[in-house]
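Here the chain labels run A, B and C in written order, and each chain numbers its own residues starting at 1.
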Amino acid sequence: MSSCSSSTCSGRGCGASTTPDTACGSIASDATHDLAVEAASDTSAAASALEAAGVPGLDRRELLCVVAGCAAALTVSGCSDLTHSMYVRDRFRELTDGEKKEILARLEKEHSATYGKEVHVTDTPARPGVEFGYALDLSRCIGCRRCVYACVKENNQSRDPQVHWIRVLEMEKEKGVDFAHANPYYDAEQVPRPGHFYLPVACQQCENPSCVKSCPVGATWKEPDGIVVIDYDWCIGCRCCVSACPYGARHFNWADPKLSAEEMNPNTHYLGNRPRMKGVVEKCTFCIQRTRNGQYPACVEVCPVGARKFGDLRDANSEVRYVIEHKRVFVLKNELNTRPTFFYFFGL
Amino acid sequence: MAYGAVVPPLLEPCAPNPGRMRVKYPGLLLCAVASWLATACQEHERPSYLSHGVEAASTPVEFEQELEVPPPPFTEGAFPCSDCHDPAIPPNTKRREMKLAHTEIKLHHDAEHRWCLDCHSAENRDKLHLASGELIDFTESYKLCGQCHGDKARDWRAGVHGRRSGNWDGHKKYLLCVNCHNSHAPKFQPLKPLPPPIRPAPRTSS
Amino acid sequence: MKTLGHFVGFVQGSLQIVLRGGKLYWSWIAFLLCLIVLGAFAWAKQMQEGLIATNMRDQVSWAFYIGNFTFLVGVAAAAVMLVIPAYIYNWKPIKEVVILGELLAIASIAMCGLFVTVDVGHPERLWHLIPGIGRLNLPRSMLAWDVMVVNGYFALNFVIVTYLLFALFRGKHPSKKIFLPLVLLSIPAAVAIHTVTAFLYSGIPARPFWNDAVLVPRFLASAFCSGPAVLLVLMQILRKLTRFEISDEAIWKVAELMAYAMALNLLLLGAEVFKEVYSNTEHLIHMRYMFVGIGDQTAIVPWMWTSVTMSIIAFVLFLVPKTRRNPWTLNLGCALIWSGVYLEKGMGLVIPGLTPDTLGEIYEYSPSRTEYLVAAGVFAVGFLLFTLMVKVATPIMLGEFKSRVSA
């Protein structure tokens, strides 16, 4: 069965230094096997299907324009956040570089105007040969929630309604990792509270992500460096992924996200912390805007007890690799076969 | 190879990686079948990250090169020590309770067995000393700590013990043990947690 | 040209029929229109504020709307599956049963579509689901499959009904060669839509309450109770108000089949309860929440017991020949079955599946006013559609409404 498993082409099987295209031919890439599937609904396939169906020369773009007209007609009022989605286009990952540039420039202009400061929206791609991993030391975490709020600040989460990408669960030492008795709402003068330990949960950046599988429009996918991202302009807000995620990591914008101009972090990534609109799903991206530039995620830097470790799983000298090799690690809900790249360990 | 036998024309190994399958004939249905089979047959086994790993750290920690560290968090005006401790006056090496100076220091660090001069040098008041007698600067205090806490020192050296900041891909920035732990009372102090999340509730009015 | 003439006549005639009616008819229409207006306002408010106008939150992110969607897929599927007994027992009014069943299916699917539309965060982006111009994530996403089969089913029923009615309207005998294969195809399609809708839930390992193979047969069994319940009532109404001839035996037969379906549904429910309670693993917690509540969180418990009680009473009413044949108890049984399955699918499936959430948190959901209003509006649209379609179809089937263009 070994050859079967490698057909999923999870990237590191391709060899560390190769780029997606050269390694796997046309369909495979460093992302998981869903890419292979998507070849079927690929632009060219769609175009040829249309031609076969007797629609000669009808360009995809023209088709989209027709649809745009319909969409515009259908939603004349009642929607305040149509500014982005009204630009009818394809998923971000399928756009040409020129189109991407145009969109990023437009977003920068819009956000700069909204927040009254210079906002950068980048689309820094994954580094070839890098796959991110995360490790969290359960014997050190004291449940102080510094990470939760550092994440909110860094990633421009809505302050009202409150969106937290990290949820810190207080658990009883006597019961072990037991979600049924976990409490995310603990409050105390001091933590850790006696007899308790703390388990912060955010996106586990699974290698076999059930959220990606469930999305009907392919608005969420796994990047070559292992980060599961969402194209907020393509998401229809059906929340299939919220149901499918075993870790409660996906959060829906139930109302217009509130984010003040002072608190807004102007260094953003298209697939990460750029301001979101209501009606779309968001989640932890390992601080894609930071980590793709070589920095640590915000939660790693803020953790006062140093419980959080981050690095390249393919680099034998990285901290995560050291943890995997020297500590007893485990992943949450191992039985679901999601294969998280987020490891928990006991450093003591 | 269960499914390879079922639909041989659909799937064939592709050159650089003998195990990888490539869809030969694109087309919605074929892709659908192929990928379904691929999904159905795949063995979800975690690729090992241990194959060409770092050496097991069973040997004593060696700090082969000097590390770039931030300055130790001295109390204001405390350093250099020789400002007060006149080298000309021979120190009292008898173990005793401090009554005149340093009264704020309460030793909670194996206090039963340890006192000042186990770490601070009596010869050179601006230095620390290892068990071997070797004198070290305060900026190298990790060597002193590492004498007893070898496992922590190894983890720290690997970048695993302690807080990380800066770049995961570049120069590792280290903090000294004493940047986080009070050397005289090293147990990490409890903190007041930041506020809990707001419980979900029906919106009362907009 | 002749077809066009027929068509113009058809449209004009239909409009006349729809605009003609007694007091009862007009008050029914007015009532539905009121609900639609209320629903539309509620939806506009929801679009403006966002889905925060509902009581759904991250912890329970699918709820009333999706529950209704699931229930209505069942109604749509079962309405057509009624063709099976009609065909096997060689009923006289097979054409009529087929047409009514498919009209109900069309109305139900329309409501399904509306429920999905009001549930998503960005309805204006639903075109992303259209293959070719959007990007339907096939074959991986179960919702993508559901979109395909449900729309395909809609198209199939639409074609069949249009063909049959238009042929009858033109005074032609519908060609069995054309419509029978399509009708037969619609039967597996009906099974498919409810199966795939069940897959939408049972394919989620993160939710142990749903991740269960029994979900598919349970969906089918419960659908076979709720769908025919509507048709039974409708057949009696039509029999009373028009010249429609439907024998008592046909109605009793359907009721008997519903009793079997209900028995199967209760058996499967019992099997699930046994499995969870006897094994007593951590997964029991969802069923506990459903039937006894967790701590003081018991909002859903009375509804679930009501549902079970209704289903059992209806089962007994339909099982005993005497009560099955009495029009009073028969219609009471229909109402109980409909409500019982509605509660079971609408709330009993979705809410306990998501409570407690994947991290063990319990958020007690109950629908907000906006959700009730929007849902009422959607149901009103469906009922209006169904009423109008039946109003036009009945005189055609009775041969009272025919094309004036000579054949």
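Definition applied: a contact is a pair of C-beta atoms (placed from the backbone, for glycine too) under 8 Å apart; a residue touches a chain by one contact, two chains touch by 3 or more.
Here the structure is a predicted model, which means the values were calculated and not measured.
Of the two chain pairs considered here, B-C and A-C, the higher C-beta contact count falls to A-C. Set against the Cα centre of chain B, the chain with the most distant centre is C. Centrality by Cα centroid goes to chain A. Averaging Cα coordinates per chain places chain A and chain B 26 Å apart. Rounded to whole angstrom units, the spacing between the C-alpha centres of chain B and chain C is 58. Rounded to whole angstrom units, the spacing between the C-alpha centres of chain A and chain C is 36. Taken residue by residue, chain B touches two or more other chains at 28, 32, 35, 39, 199, whereas all remaining positions touch fewer.
Counting only residues that touch two or more partner chains, chain A has 37, 40-41, 49, 167, 184, 337.
With touch defined as above, residues shared between interfaces to two or more other chains in chain C number as follows: 49, 52, 57-59, 138-140. By the touch criterion given at the top, residues 49, 52-53, 55, 57-59, 138-140, 363, 368 of chain C touch chain B in their complex. Those residues of chain C whose C-beta lies close enough to touch chain A in the complex are 44, 47-52, 56-59, 61-62, 116, 119-144, 147, 200, 204-207, 282, 285, 354, 356-361. Residues of chain B touching chain C in their complex: 28, 32, 35-36, 39, 199-200, 202-203, 206. Chain A contributes residues 34, 37-38, 40-41, 46, 49-50, 60, 63-64, 67, 70-71, 74-75, 77-80, 82, 85, 90-91, 161, 167, 169, 178-182, 184, 201, 210, 212-219, 234-240, 242-248, 250-256, 278-281, 333, 336-337 to its touches with chain C in the complex. Listed in rising order, the residues of chain B touching chain A in the complex are 1-4, 11, 13-14, 16-23, 26-28, 31-32, 34-35, 38-39, 41-47, 49-50, 52-54, 56-57, 155, 158-170, 180, 188, 190-199.
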